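In what follows, subunit A forms one complex with subunit B and a second complex with subunit C.
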Partner chain A sequence: MKAVAAAALTVAAATAFTWFLLRAESQGAIALLIALAVVAGVALTRVNLPADAPESLTQGLAIAGVAVLAMLLREDDFSLLLITRILIVIVACLGLTVQFGYAGVVNFAGASFLGVGGYTAAVLSRATALPHLLILFCGGAAAALAGTVLLLPVLRTKGHYAALVTVAFALLFRTFLEVNDTLGGPQGLKPRELAIGPLHFNDPVQFGPFEGSFYLRYVALALVLLALAFAFVQRLERSFIGIALDAVRLDEIAAATFGLDIARWKIAAFTLGNFVIGVAGALSAFMIGFIAPNNYTFAESLIFVSILLLGGIGNPWGLSLATAIVILLPEKLQVIQEYRFLLFGAMVILILLFRPAGLVPRPLRRLAGPKP
Partner chain B sequence: MSLSLLGQYVMNGAMLGMMYALVAVGFTLFFGVLDVIQFSHSDVLAAGAFAGLLAWAALTALGVASPLALLVAVLLAAVVATAVLGVLVGRYIVLPLKGAPQLNVLLATLMAGTVLRESIRLFYPGGSQPQMFPALLPTRGWDFGAFHLRIDNVILLAAGALMIAGTHLLITRTRLGLAIRAVAQDEETARTMGIDFRRVVLITFALGSALAAFAGVMDGLYYNEVFFGMGLLLGVIGFAAAVLGGLGNLYGAIVGGFLFAALQTIGAVALPFASAYKDVFAFGVVILLMAIRPTGLIGERASERV
Partner chain C sequence: MTAPLLRCRGVTRRFGGLVALDALDIDVEPGSVMGLIGPNGSGKTTFFNVLTGLFPASAGEIRFGGAPITGLEPQAVYRIGIARTFQRSRLCLPLSIFDNLMIGNHRHLDHGLWFNLVDRKALRRAVEENFAAARELLRIFDPPLADRLLDPAGRIPMIDRRRVEVCRALISRPKLLLLDEPSAGMTHDETMRLMDDILNVQRRLDLTIILIEHEMSVIERITRRCVVLNYGRKIAEGTYAEVSRDPSVRQAYLGLE
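Showing the complex of A and B:
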């Protein structure tokens, strides 16, 4: 019971805090809020929270928290846009977690796979009459398919050599988009307006007296996708697949001697991860309503990897927190706008030096079942 | 294609290849002693080029006009700046992370590069715009049909070759080089033989970074322009060249650098479709080559101790 109360309290506090942060206008107030969050964060690491609330409850509360937040901000387009972006980036980073965090397959081309999903969505929505919900998943499938091109070199190489393969792909993809005229070149493409059934996503929301920004629909859809991806990744981790992936990451030779097929698990993780990233990319393309090669740079991929490390690699909650920090901080703290990359770089270096396991390290797997 | 045009392409490719090779040699030296990729290498390079530019601006303001004196000052400033930056990165970012996962080191140095790049953009006067780099070498040349051979390019090429040859001699013929090779081969044994590990690592960082300074000045003299983000592509290509050749191998880095330049040139000249795809082509071939030779062209030994 104590655990449930603590979880509810945490989610409520986080929701309230995000609301204050998103609504805060003056730089002083924002700085104060951030200082408060830092103090609270440090305090949280000092006390032992009863962290054993049932996972499904915590997830439900978190979803409710985001929904409440979106309702409170229903007419604030910019805040809703930020929330949707955070949700979508979390989905993409969940995909990367399967690759980096579980199977240990490096992927420095996260933004490129996001781009494959986005461009697929744009092209399919313009050229075909496929239902848009299906197109979202086509985006994922296309990203997974694009990933198969890299399978052979990724499987054969290790460490820095594998990193090079994905780095080369990231640059190749970006250059390809820039020079390819059928995909719009540097000007990019506009996907058609997202419509699922009778719902047109770019019309303002109106139910009787209730009015809201059109972003509310995107928040809802992103939230559904995030819930699905989150549940999927967590189930994956807990299943025998997760154990196999951990074994492959921690020691390939030991895993192989226990009869695990290294190549198979790496392929599975890489492809699944790219699928999730691709779906996120498709949704984000619809939401932005305009995509260009500049959205999918190598630097963007690096931000995704930083989010993973910042959050604590392999921990979905940690990366959610890290995503929110990485996206919200520079947007709200206008003073640092000009210096945001500089400060971001310095922050990541400091975290790597002094808290290398990330903000919320992944807990150890408890194979013995629940505590008595 | 006429022979003279071919000559022009070969010359341009050779210039690019020399720059890539200089950067790649740095990557491979760092990897040799510490088994890490120092990804801020290319931004150290950019900082070096800007330090050289600053020295030029300061001296011209003081009324120095001799191109030779200016060139020496530019090179000196660039080399000192990069060597110091390289040592700082090695001392405060790479060495403390010794023993951390490879990914952490990679990311930390990438971010160090971001910090350097942004610092140039924000704090160098007008740093967010490309800056004109002075032509300090004679630009006259000889014409062979369509092939225009410029003196400055010949000098740059020869100087680059000398630098690489010098590094090679240093590594293979001197006591310092012996220490570097010993550390690269086996850190613990090297330590027990009385080699100061930290000192050797930091000297290697200074040495590799100084090579980058030369590549940076070369880039500036060749394009007559430096840019805060100039290290970005140069770094990735240098990294690709070092890995393609086989990390830790000096010859591999050189081969990789020239191979990448050759691929770009071939992509620009010989591809039947648009030459705009030259980088797509070059990176595509890199991925293919990695699939065929997963530990580089002149590979490390692939056996693994269990």
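Showing the complex of A and C:
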């Protein structure tokens, strides 16, 4: 009971805080809010909040929190855009978590796979009459397929070398987009307007007396995808598959001695992760309404990896928090806009030095025993 | 005379110019405990690594239960019922004891996507069954440890890690268990207790064991036969009493002329 109250209060506080932050205009107020958040964060690490609320309840509360936030901000296009972006980047980072957090396959080309999903969505929506919902998943499938190009070099190499292979892919991918005229070259592409059934996503929302920004639909769709990806990643972790992936990451020799096919598990994790990233990329392309090679830079991939490090590798809640910080901070605090990469770099170094397991460290898996 | 469970003929392993295993002929009878001894660097662990497929043999043939297993991948060797422990603990320390045991039980678990992601009721049942089995196995070794299955493996003392590692090899009910110096880092009494517990399980499961050990009192007490290696060659074979009197063994260990 106490735990449920604590979870409800945390979600309510986070929702209220985000609302204040998004609405705040003056830099002074924003700085004050951020200082407040830092103090609250430090205080939270000191007190032991009961954390044994049922997971499904916490997730439900979090979804409700985002929904309430979106309703409160229903006419504020820019804030809703930021919220959708956060939700989509969380989905992409969930995919990276399967690869990097669980199987230990480093992927420094996250933004590239987001790009594969995005370009697939743009091309398919322009050239075919496929239902757009299906196109979202085609984006995922295309990213998973593109990942197979990398499988051989990634499996043949280890550690830093495997990481370098993905870096090379990220750079090649961007160059490929820039010189490819069919894909619009440096100018990029515009996907068709997203339409699912009778819903046209770029029309303003009107529901009797209720009126709101067209972004509300994107928030809703991103939230649904996020809920699916979240459930997928958490179920994966809390299963025999999760144990196998951890074994592959922690000790390949011991894993092989106990029958685990290292290559098979790495391929599975890499492909599943890329699929999730690709779906996020497709939705993101529809939402921005315009994609270009510049959206999918190596720097963007680095941000994804730093989100994982910041949040706590392998913890979906941690990366959600980290994504919100990494996206909101430079948008609201304009003084640091120019210096955001410097700031992220410093943040990652500080985290690695003082809190190496991240802001919200991944908890121990408890498969058996009382239901979490 | 029963057919040997493990039959090695001319097993050789070279690392460049170094011959780590030199034409070994070793037979292990089913249900027996065989000691594998020899000075440091004599090739004992290399023999385990070749047997389990971590290093392929350069020459020779290995048969297990009559079927050739030379050149099999480690995964395949495990699936036909050979499990091992490592000289230096190779537990996954951030994971719970239970998770570590489940890594050992990999061949009996369902890793399908549907089973693990969708049919959560069946998964939960399988987890509960495995949890009960893991607890029962650990209880043989140390009852208090059996109640700490969900503790991280990194937070238990060395002796318990050894026990967990032995249990990780045992839980899949292998036919042949390879123990690589289980006494390393433990006191004499702890080692004796661990060995008694292992023998206890061995009798119940009709298990065959090859034991690498430096502590000769352990070898003397629990092995029926031992093989002595030196520079990758078998220099003696027999009961502990026989090999310990063998002049070539004394020379290898003590350097007597």
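Please note the rule applied: the second predicted complex is superposed on the first by the 368 of 372 C-alpha atoms of A that agree within 3 Å, B and C clash if a C-alpha of one lies under 4 Å from a C-alpha of the other, contacts with A are read in each partner's own complex, and residues count from 1 in each chain.
We take it that a contact is a pair of C-beta atoms (placed from the backbone, for glycine too) under 8 Å apart; a residue touches a chain by one contact, two chains touch by 3 or more.
Given the structure is predicted, the values throughout are model-derived calculations rather than measurements.
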item: Which of subunit B and subunit C A:156 touches, first, second, both or neither; value: first
item: Which superposed partner A:342 touches (first subunit B, second subunit C, both, neither); value: first
item: Which of subunit B and subunit C A:365 touches, first, second, both or neither; value: second
item: Subunit B versus subunit C as contact partner of A:253, first or second or both or neither; value: both
item: Which of subunit B and subunit C A:232 touches, first, second, both or neither; value: second
item: Which superposed partner A:244 touches (first subunit B, second subunit C, both, neither); value: second
item: If touched residues of subunit A are counted for subunit B and for subunit C, the larger one; value: B
item: First, second, both or neither for A:7, with subunit B first and subunit C second; value: neither
item: First (subunit B), second (subunit C), both or neither touched by A:298; value: first
item: On subunit A, positions contacted by subunit B and by subunit C; value: 253
item: Sites on subunit C touched by subunit A in the complex; value: 52, 54, 73-75, 78-79, 83-84, 86, 90-96, 98-99, 102-104, 106-107, 109-111, 113, 116-117, 120, 123, 126-128, 130-131, 149-150, 152, 168, 172
item: Residues of subunit B that touch subunit A when the two form their complex; value: 31, 37, 93, 96-97, 100, 102-104, 106-108, 110-115, 117-119, 122, 233, 236, 239-240, 243-244, 247, 274, 276-277, 279-280, 283-284, 286-288, 290-291, 294-296, 304, 306
item: Contact set on subunit A toward subunit C in their complex; value: 232, 235-236, 239-241, 243-244, 246-247, 250-251, 253-261, 364-369
item: Touch list for subunit A against partner subunit B, complex; value: 100, 106, 150, 152-153, 156-161, 163-165, 167-169, 171-172, 175-176, 179, 253, 298, 302, 305-306, 309, 338-339, 341-342, 344-346, 348-349, 352-353, 356
